[in-house]
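To keep things simple, chains are lettered A, B, C and D as they appear, and every chain counts its residues starting from 1.
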């Protein structure tokens, strides 16, 4: 494993397929050795062979027991993540796992304990930390260009709401959607969230309300270092995927605007028109999906800490749980209240 | 008074001087007849004559008793506003009064009752409603271009903090600074604020903290029509006066960016650099200061309601008081709690 | 005349009316003493009195002979400019004259000779030199931020073509419209134009072609200091008045984008839409019209050279004549060829 | 060859290496079968095998004679292009050839005649036609959003000049650099250039002047359909690779701004700073390099005309030659003059 990480990928749904192609072709130092899924169509087998994959398995254990595989990329259903992490850790494999680790705190803790014990690398798929815009702001902060961070504002809106069925199983807007923004806020602040206050409303789809969730939310954050933050989420921005970030500090402010498909504006008698943002997460975070795997492979090769740890996954989850509690109890909630539960 | 409103202006401090020049030269239908101030230097008298002013008085009563004066523009110290409004109303004069009406709710109510009884026009100086950017967004909302309003986000940051002495007498950040933003939020929402939650911190100047105030704040709003809002204030944005607004609705989103002194960008080996925002409120809201007086004079001439009423002033004050209470009691506060006090 | 310049204004057409109001109210150190026009309606007289004007005359000579008038602002028809300049110079009055001085080179030279002999200040109304954007770029050049100027690009397009009747008497697109851009090019380059090559076409209105003119033109410039330039003109930009400038040098590039009525963008399912440029020259150059008079009054008060001299007017005219000659003769033309004619 | 085009690539310099990787991994329907270069290092052989290449050759003929290769991608030195095109055509292979075809018109004509006779597909590597920005403007034109095209303005500036040695063999700025812009102008206009006028100067590097070339140029274009155009080139823009396009028509105007590495701006006390353009052609046109190969493969598979034909290559060359002649003879030059030579 001197200069190469041999990977097995588990679960070839939409995101699994993308990760597989990246591992095979776009990640220096990675080699895609195996793919496992409960069902593999003939088309999928042919696609996998085109990527140079050696092992095709129905059972992930086939890869976990393979000594010529160094790590796994877990892209299967959320409720399988914790068990797969535990099994992979037991087998001594490094682990890249899609978010969330699990919807249950005890199961997450069990998974992290297994990783800790095995001493393997675990990285969670909070891919936005690898976005070119957000990375650039973080660099500016670390370079001192913004001075002390005082305010973080995150706008995060989806182009269209998911189905009510999806919402029902998603853990709710805070666990399913805003968890990315909690991660971004912590990443930029370089500090943990200590308290949240959530305001929410059902303004888009009454079905979402009937499923016990909200579709619009504003959450105020307090950080351990004294900074404040605010995140707004909407399940439906008709103009497209709206992913903006603003960090305000004692020496300056940085804003990341949306990425656009092109830089053309049209001026007519009716006005000056530009493009809407890139459609959705697959388009917007295309390079970030590669970046997170590059980072994971580097961490494994150089024995450095993963840039998004299992503990990050747990902290993000606490923030989401606290936001849910705040919305329900109509009061600000300390993260420590949730930790203690 | 057929086609002209003859005005007397009270208090020629910084803003009074500007209002006087506007009344004399820039407001169609207005005539500046008189100026009153406790002290008028020779230079001020000469300046006033250059504006064609007929009456120069030490005592505002000289103007209030003058039958050739139709209305007054009150620019004196805050603690004189309520009494002057009551006296002017008693004298049957129309009233334009700088914000705030007063820092005490009972005194504000007394002033509004006097105006109500006299049947005169009262307009409060929430000038930002007349800003070209914010007006444009309100027009878009009213035209239906944004659909139902769901989220309102206001960024409002000053270039430099006031002196601790000023802070001490200002009523605090919510009453002194964010009150403008509460007014803007209500103006854009077309709906009253029902609840606020305030997070605040002292991140800029410990003196401000010692004066019992915060210098950085994020306030979440709930509106009667179901929409949500959030305002952030900072007493010190090193890059200048940051006054932005974003309204998000079911059919679209409108953003007002900062006004700039020019539209030049410089591209060098070091990057692409543009201008900072216009320096402060006198520059940024220059035209809005004219616009509010134009609007007041039109309301008087056409017997139409003032665009910023005394009740607006009171509602903004309730929001500011509720925010202060929220910050102190660390919980969301209903406006009705404050109204009932 | 110690600290004030007493002005008489000649010709109260559209631009004359604007200059009069500026002289009366917006130009420090200026006093509008008189107004002369062949015909003055009762409404105009009333307007003039409102501005505090002392002298109302049908004959400009009434003002030229008035010892209490220090200078004149000539806004009458183009064919009266030269004679009025000569008369005003003879009377020892300082002169602000709208562009162009005249359409005939010998008459321009005669006017300049009279000014030279009298030793009075003459400023020509090339107002764009006082635009906040273009001034900012010139400052950057003079500060050395762009290094040596290598390329100047000017976009100058009107929102709608003038009437064919106007075109016929205008001297053509180069003398009527592009002359402003020749002035801007010379101003930014800090160097004289030595050669031009004009390409032109009739793409908008065949009537303009029948009047012997073009409505679309691209002119390449060579400057004495070695820099190159290019100007494009169109008589009809459906999206509005397009006035942009780009200067490229050894150390950087500066671009001035169009001024907009507000800074609002609307994002909908259809795209992101912003405002069209400010409508036309009165809106776009509103402050520049004040700025040029402020500059003229300062030049008179401080005995400094006018910022746009009569010689500038003549040089701009040579460039326009050379461009016309180039278009006709289908070849690059040296300015010296035109000078020698 | 039913649903796949098997390609052999000739010349693995910088651009050849990139094309090879694209053919192997990023172009649907393409298969990279072979690579030929006079010298292939062990590292290159290893790299080629990693791409799944079957044939490694020193002599391109090995691929031209291989019946399992359908087409070639010519990336070798310019002076080999024409002979390779002729040989490939004779062998019945489809041809993608980097620009320029050759620096000699007779040799280009000979190559095109060979292609014509063989009936194979030939596409020239004018990759900018596949840029997302420029493509978007062309689509807008074709959709009628701009109405009749009246003016085309192209800004094309390199971040740093090439070595004098390169310049000497490059054919000069018009043939080496502006030829891309002539192609873009023709592409956007949908019409041929009929006349050019070139102004040029040596403002950056005297060595370039001594090599008989200019480093700064402005060329005015006249199109057969009556539109006008202008291109400016500089060999050194200190702020980076400046690639902008503006098309002005009877119904509107479209502008393509530069692509940036990210969408972050930093606001500090010193101003508001954004990113410089993407560094150079490999970064800016990264996707366009893939797009042109995708287009070539589609043309071959579907028997449709190549989007950039050999005739396009010849027309671009005529424009470059005419511009050179114009600069030398200091007069506008008709393309027909050059055609007739």
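A few comments on the model shown:
To be clear about the criterion, a residue touches a chain if its C-beta (ideal position, glycine included) is under 8 Å from a C-beta of that chain, and two chains touch if they have at least 3 such contacts.
Remember, predicted model here, so these are calculated numbers, not experimental data.
Chain centres here are C-alpha means, and the one lying farthest from chain C is A.
Looking at A-B and A-C side by side, the one with more C-beta contacts is A-B. Mean C-alpha position of chain A lies 58 Å from that of chain C. Chain B and chain C have CA centres that are 40 Å apart. Between chain A and chain B, the centres computed from C-alpha atoms are 43 Å apart. Among the residues of chain D, those in touch with two or more other chains are 237-239, 251-253, 267-269. Judged by the touch criterion defined above, the protein chains are all mutually in contact, each touching every other. Those residues of chain C that touch chain A in the complex are listed here as 237-240, 267-276. Across the complex, chain D meets chain A through its residues 25, 132-133, 136-137, 140, 145-146, 251-259, 261-269. Per the touch definition, chain A reaches chain B in the complex via residues 148, 150-151, 153, 155, 157, 197, 199-201, 203-204, 216-218, 220, 222, 226-230, 232, 234, 236-239, 242, 248, 250-253, 330-332.
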